[in-house]
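Each of the next two complexes has subunit A plus one other chain: subunit B in the first, subunit C in the second.
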Partner chain A sequence: MDAHWPRPPAATRRTVLVLCAALLAAAGCTDPDRPAPAPKAGLRAFRYSMDQAPTSLDPTQAANVYANTVILNVYDTLYAYQYLARPYALKPNLAAGFPDVSADGLTYRIRLKPGVHFIDDPCFPGGRGREVVAEDFVYSLKRQFDPANQPQGAWFWSGRIAGLDEWKAAGANYDQPVEGLRALDRHTLEIRLTRPYPQLVDTLTSGYSAIVPREAAEFYGPRLGVRPVGSGPFRLVSYDTSRVVLDRNPGFRQEPVDLAAEGFNPATQAHTGVAAIAGRSPPFVDRLEIDFIPEASAAWTSFTKGDEIQFTALPVEQADRVLASREPVALLPEYADRFHFAAGSEAGFVFTSFNMDFPEFGYHPDPERQRRNRALRCAIIKAYDWKANNASWYFGLARVFPGIIVPASPEFDPTLDAGSVTRDVEGARRLLADHGWTAENLPVLTVGATAGVTSRLYFEQFRAWLGEIGYPPEKIVRKTYANFGNLSRAWKRSELPLVSKGWGLDYPDAENTLQLFYGPNSSPGSNDANYRNPAYDALYEQTSVMLPSPERTARYRQMNQMVIDDCVAITGLSRTRIYLWHRDVIAVPDREIVGGFWLKFVDLVPQAGAPGG
Partner chain B sequence: MPIAQYALRKLLAGIPLVIGVTLVSFALMVYFGPDRTYELLGKNPTEEQIAEVRSQLGYDRPFAERYAGFLREVVTFDFGYAATGEPVATLLARTVPVSLLLILPGFVLGHLVSLGLALLAAYWRGRVADRLIMALATVGMSVSFVIVMIGFQIVFGSSDWLGWFPVRGWSTDSVGEYLRYIAVPTLATMFVAIGYDTRFYRALVAEEMTRDHVRTARAYGIPEARIFTRNILKNCLIPVITRVMFSIPSVAVGGSLLIESYFGIPGVGRATYEAIITGDQPVLKAVVTLTAILFVLVVILNDILYRVVDPRVSLE
Partner chain C sequence: MNATALPLPAPRRDSLGARAVRQFRRDRTGMVALAVVLGYLAAAAGVWFGWWATDWGALTGTKWEPASAAHWFGTNIIGQDIFARAIYSTSVAFEVGLVVALAATALGAALGAAAGYFAGSWLDEVLLWFMGVLEAIPFYLFVAAVAFALQDSPWAMQVGMIATFWIGTARLVRGEVMKLRGIEYVEAARAIGLPSPVIIARHVLPNTTHILLVQASIAFVGAIKTEVILSFLGIGIRDGVSWGLMIEESTKEVLAGFYNNFLAASLLMFGLVMAFNTFADALQDALDPRKVG
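Coming up: the complex of A and B.
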């Protein structure tokens, strides 16, 4: 060896080795904040995937399907949706039965199942999980009203449960009682409402209502977001930006599956093999791994490899390669041999609202101008090419429908006139001309978007459609925002004349989308359109206390027609979701309402030679 | 103790640098960064809730007060909690080792292979080997990193192709598992890095080979291998050290966002990216501070290494 390149001294070599070992150890430790070890041989693991990671696992942050998918598997809720019933149907979960509701619809009494325990955790005395009691639910709902938690779920119950808003205003002291939220005894809960709330039980299926023990919230503080302590079917092993690993909660209550009570439909679901879980108590897999894969290409390669993720949504760019037909959806034989699939409309929609607070397009003090503005909005709606939109962005798989009651709602009207989603360039031109709109006097239309190629393409497409009805291109302006948070701020501050959004149903009831146009919900609330129609608001208030009935449905549809007639929104489109999963997985997947409530029922086909196989 | 004195002097001189970096970064975060308020609000917020969240995030406090708080955090290295609820210190302790383990093999091997190829190319300058190596380097530089990653993932991971390695994931349960998971990311990193590094190193070596002292050494009949190691390679070390050393902070703290994202690796690069797009200021503040401190340390170490390889360099 050349004298200029001496061998490092032994001490240096030892140091390097020790550093490498320490690095490996640091990256490989297995406490709940660390990556999980690979499943041991014989461990039955299901590898699910989502395109995004949840921001936090604290139920106060259960704002989307990603968070709910994990939260609902580590925590318990009082109610849940039946695994297999479609349309969705409720069932008791931690509750012993459906609530006893008073005749005036204002008081709900709910019995909790006795003998259910939280998982063992250092937050409890002696580290042993204690029994879940009614007071835990009271505490958990109060957390949604404590500003210190930056909760996102209060809107479900604000103004509905007697005394909760006052409790918050008085300083959110957990030792202070709430008039309308009480534990009558260890297993009985009473909720008193300020007015009837037909969707109350639906809200008790969501991650927001998940039951958190006070000991855990106080012991972990903000760390509760990464250290969930619940009584759900799984317990957390690890959680990071790329995946979450959950292990079966060995103490989870024994509740054999009654397929009929879960809404099993042999005609449509037997092929999935789901009948095999009848009479057995979930969860059926030892480990649930959820990979967060934003890149569709990586998800697809991993899914098709065979020994990695076992579930994926079909990336739209793979549709041509995988599908034999789109209507109805069918896989090519080489894929059908390897994978199960399910296709259906999302429980939600994408739509674009006009901001009625912009006098150039919406409300105007001059009634004549207001009439002309309506004509302008209607013309823009007529110019919008839903067919091209569907073909360009959703591979023609999405479902376009008129109005704001989405196909996944029980109140959806498939016979509604499709005029508002049918392109009519001549009609639009005529409408503009009849109301005195010319290229010179048309107002500048600013379209807000996040920076990016896709949003640019979308904008250019929209501008081209409007160009065809005589809207000068220079009057359609794109305003970019660095990220969605800033765009969202502009919408909430009512700074843009158009608001393009996607909305996922929180519960299967059209009220959830109709409230998007309810006057008192105006910005910064969910009514980004700032639509204020007294007749609409009166109907909304009437229906908001009505139980499901043909009469309520008729009024819902009346409200839907008002939004269409007033040309308040370019709406709507429900994306078609196509899910694929490996043939050795027994499941009927669903990520629409709430998300993740079905994962505890997933089972794996026993392998020859494996334990139990 | 000239080296210790020098290091101490440089450390003190680095304090204004850290303050400057934190000030500029914080101003960017505050005035141009994402507003987290609207990510934290429910679907139907009220003005009162918006004010509450802004207050919780400290957005309603004056800039100077917020920056003073940041400096306190820098001194105590306690940046509070990330948006997930995880303490930032824990997050860094969890993710930085992962990124190091991910990037180091590609980083080290990439530089070594590049240097080797550069030496060969420079030695056979203008000949077929040189042209071939430079052509390959140009290919490595020209192909998008994303395309390389997707291509390697498919070729090495997909069951339709070789299927030798996992498509994505991470494990350090054993050395074997670790090697299995880093193989494809390392190959992808090397493929791209070698393009840039080889061209850079070849230019250095080629230039050095034309120096007068090299020509003189050859005239004296000194063996070529000795000239290469003693007269050429040694003189190239300073720019090599500079290039390698100044890559370290971004490797250690920045990780590799794209690799971590495509290969599902829970490193600091992906955590930083998530923090940037969501406006998770505690994480961003910690990463900025850590990077600034590492740069100060790297500058010091860099100067000391200059002195080690070239005794003519003064640390005065």
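Coming up: the complex of A and C.
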């Protein structure tokens, strides 16, 4: 006998319906302090996803791909990378053209495009955004040297622009001029260098070089990190730890896309439909919604639902269900029918460096102990199983390579001996024994990690490998941090003996990874390893003024070998990223190099019945 | 017909404890549950003595191997043996359960007895207020706050649980002691001048044993379940492995169609919690004077 609930009387049903409607309405309400208005009918929104949230949208904090993704879409930079050209190629962005460089390579003159305006904002008189002028760039770069901002990008230009470090030392007074950084007129900028800097123009594509109006920095103070005011293709609508919403900047300059100038390659890119944006001015979508979803499985569920996020990276655990083959990467038909995909090696790498300032592992006043420490580091490197690491976390498709010159750099050496990335448990045991290391005298090794299941398993894997060379598991300790920002701060403060991180190239030049081990860049700079090798530093300084040449490449490789020989880092691996996006999205996604610069070119296939469709 | 009067045997004067044991042994379900719990205890003891599951952290296989003779429950994403981890987790469950049950019951007994013996005094008022305050704080928020405050302590979770689990025991003991303190033998002890702490320890608390045993068993199960939830949320076991951490690991694996971690941890936890609950019910029945009498 079937059992039925008795049907409630009509009045009760109406009451329930009204209550349900009220509850639904309440659930849809948003915090008035963080307004994220629902998309209007017909609004063309692209819903992107990232695995972490930026901690600040202030260009002084553009230290990672998450911040850069947003910053490069709300602010302008003088230069950018061509949307479709690979290898990456520069193009003028807010600059009217490439700089005029003096014969000695020390003076750069850059013209800015006239008539570009910041967005309207209460920080400006009358709330109307004013024109972007050369003085704004001067001010923005000074901010990177103002200790009050706790900037993270000064290392790009420190010691290179005449007078900028002195300006900082003199108290960072914005009204004081800097000898090597001047606005010659409203639209002409002059940068004078202390020595040639071949990567200067590349640095002017990064979020660190984004142009901030002084009015906004003074009006909002520290709140500039959540209230960006720029002249980029989008303007901020809302920003919290779960998502950022940007709307199209209606005043963004009209610059029709020239596909050839963007490096379009019909043979490899035509299938994405990107040819449809030719001759039109970006941005093409009305709204950009970027959801921060740390759990890859949650992002995957949202992506495959079809009506939520439209872009995601393929989670490792889904590979067997989604891929028809790994080499070459191909989707199973049921996924290929629904999604576009792209697979490629990242322009960067993951690596773990030893903090040489920890006397237990690094530099030690006693030369004998320092020699033993090197043996200990080398043994740990030999214990590391890159093959298993690749299989567990990177589809088995990542590229493992020795040293710190990544495969995406033109100076990469594919013939370099792979000994430093080949597991050798017996060799590691022998090394420890030969240098007097025993289970009793091995130092405690504290490994910093963010909370979460992946980082815990990563740690357990590492501990197990070290266990196999005789490192007692109880001496390998995990210290957890609530989020990546806190962990990153601990690294910057030199609080941990190991630093495990990913580094994405800021520009396609090995100098960008070699500087990670340059002595003067020690903590809190980018040299988290605090590696200080005079011979390495001398070579770095020599090459830093050289234009690309076989001679420079040879010296780069010499430095690379020093890092390998000194056992400073467990390195490295370039991940193969597999991205998927919905078929109604027209895009060639790429978060490499500076991240996010491509989002203004995203378009959506017009839907039948929709405006323009 | 002559009737011969036979002498009746003297009635047996068993203690309450002996009658409770007899009553418990008659409860088949309770006995089965006890056997299951003892089986789990044996598994945990083997870990403590280093007889098995010592390689729970070792990489003994490759990624996501299916169940086999070498790996009874298969392996996880980094090649660890799931069976070894599940068995090791049994010992973690017992450690957490025993520590929390013993500490929370002892604390609840002491404070509940003090409050009950001095009912109506300022001490009773303060303790009742304190219990009310702790109960007013949402449990998981409270434990998260304790875990945050004791960030580097491996005992943070246990401290959080003990700090809240004692309250139920204390309230029950308080009520029982309020009854007991008016009974003649307690009044007699007071009359001969025994100090209050001695009266409570020697003459009052032993008569609350039936409450304490049942409360301890409830706390034990509660602690195991709570550990699983807290570990899943990332504020439980810091280093090592537990059923909660295994279930947390499985969140990625289930979507990939690999269920071994989830099933191993869930079924083992379910078995222990079910068995202990059944055992606790049987124990409660056996210790209930109305039923035993």
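Details
One rule holds for everything that comes next: the second predicted complex is superposed on the first by the 422 of 613 C-alpha atoms of A that agree within 3 Å, B and C clash if a C-alpha of one lies under 4 Å from a C-alpha of the other, contacts with A are read in each partner's own complex, and residues count from 1 in each chain.
One rule holds in what follows: a contact is a pair of C-beta atoms (placed from the backbone, for glycine too) under 8 Å apart; a residue touches a chain by one contact, two chains touch by 3 or more.
Computed from a predicted model, the values in this text were never measured in an experiment.
Annotation for subunit A, partner touching more residues between subunit B and subunit C: B. When the two structures are aligned on the shared chain, A:467 is found in touch with subunit C, with no touch to subunit B. Using the contact criterion defined above for the overlaid structures, shared-chain residue A:492 touches subunit B, although it does not reach subunit C. In the superposition on chain A, A:305 contacts subunit B only, with no contact to subunit C. In the superposed pair of complexes, A:321 makes contact with subunit C only, with no contact to subunit B.
Once the two complexes are laid over each other on the shared chain, residue contacts for A:452 go to subunit C alone; subunit B is not touched. Using the contact criterion defined above for the overlaid structures, shared-chain residue A:537 touches neither subunit B nor subunit C, since it reaches no partner.
In the superposed pair of complexes, A:392 makes contact with subunit C only, with no contact to subunit B. By the touch criterion defined above, A:515 reaches subunit B but does not reach subunit C. Judged by the touch definition given at the top, the superposed model places A:297 against both subunit B and subunit C. Residue overlap on subunit A between its contacts with subunit B in one complex and with subunit C in the other: 295, 297, 301.
Contact residues of subunit A toward subunit B in the complex are 2, 4-5, 23-24, 26-28, 33-35, 37-38, 53, 55-58, 61, 63, 147-148, 150-155, 220, 222-227, 239-243, 291-295, 297-298, 301-302, 304-306, 308, 482-483, 485-486, 488-489, 492, 506, 515, 521, 524-526. Subunit C makes touch with subunit A in their complex at residues 57-59, 62-63, 76-80, 152, 234, 238-239, 245, 248-249, 251-253, 255-258. Looking at the complex, you find that subunit B touches subunit A at residues 32, 34-47, 49-50, 52-53, 56, 81, 83-87, 90, 93-95, 97-98, 100-101, 150, 153-154, 157-160, 163, 166-173, 175, 177-178, 229-230, 234, 260-266, 270-271, 274, 277-279. Those residues of subunit A lying in contact with subunit C across their complex are 295-297, 300-301, 315, 317-318, 320-321, 388, 391-392, 451-454, 456-457, 460-461, 463-465, 467, 473, 477-480.
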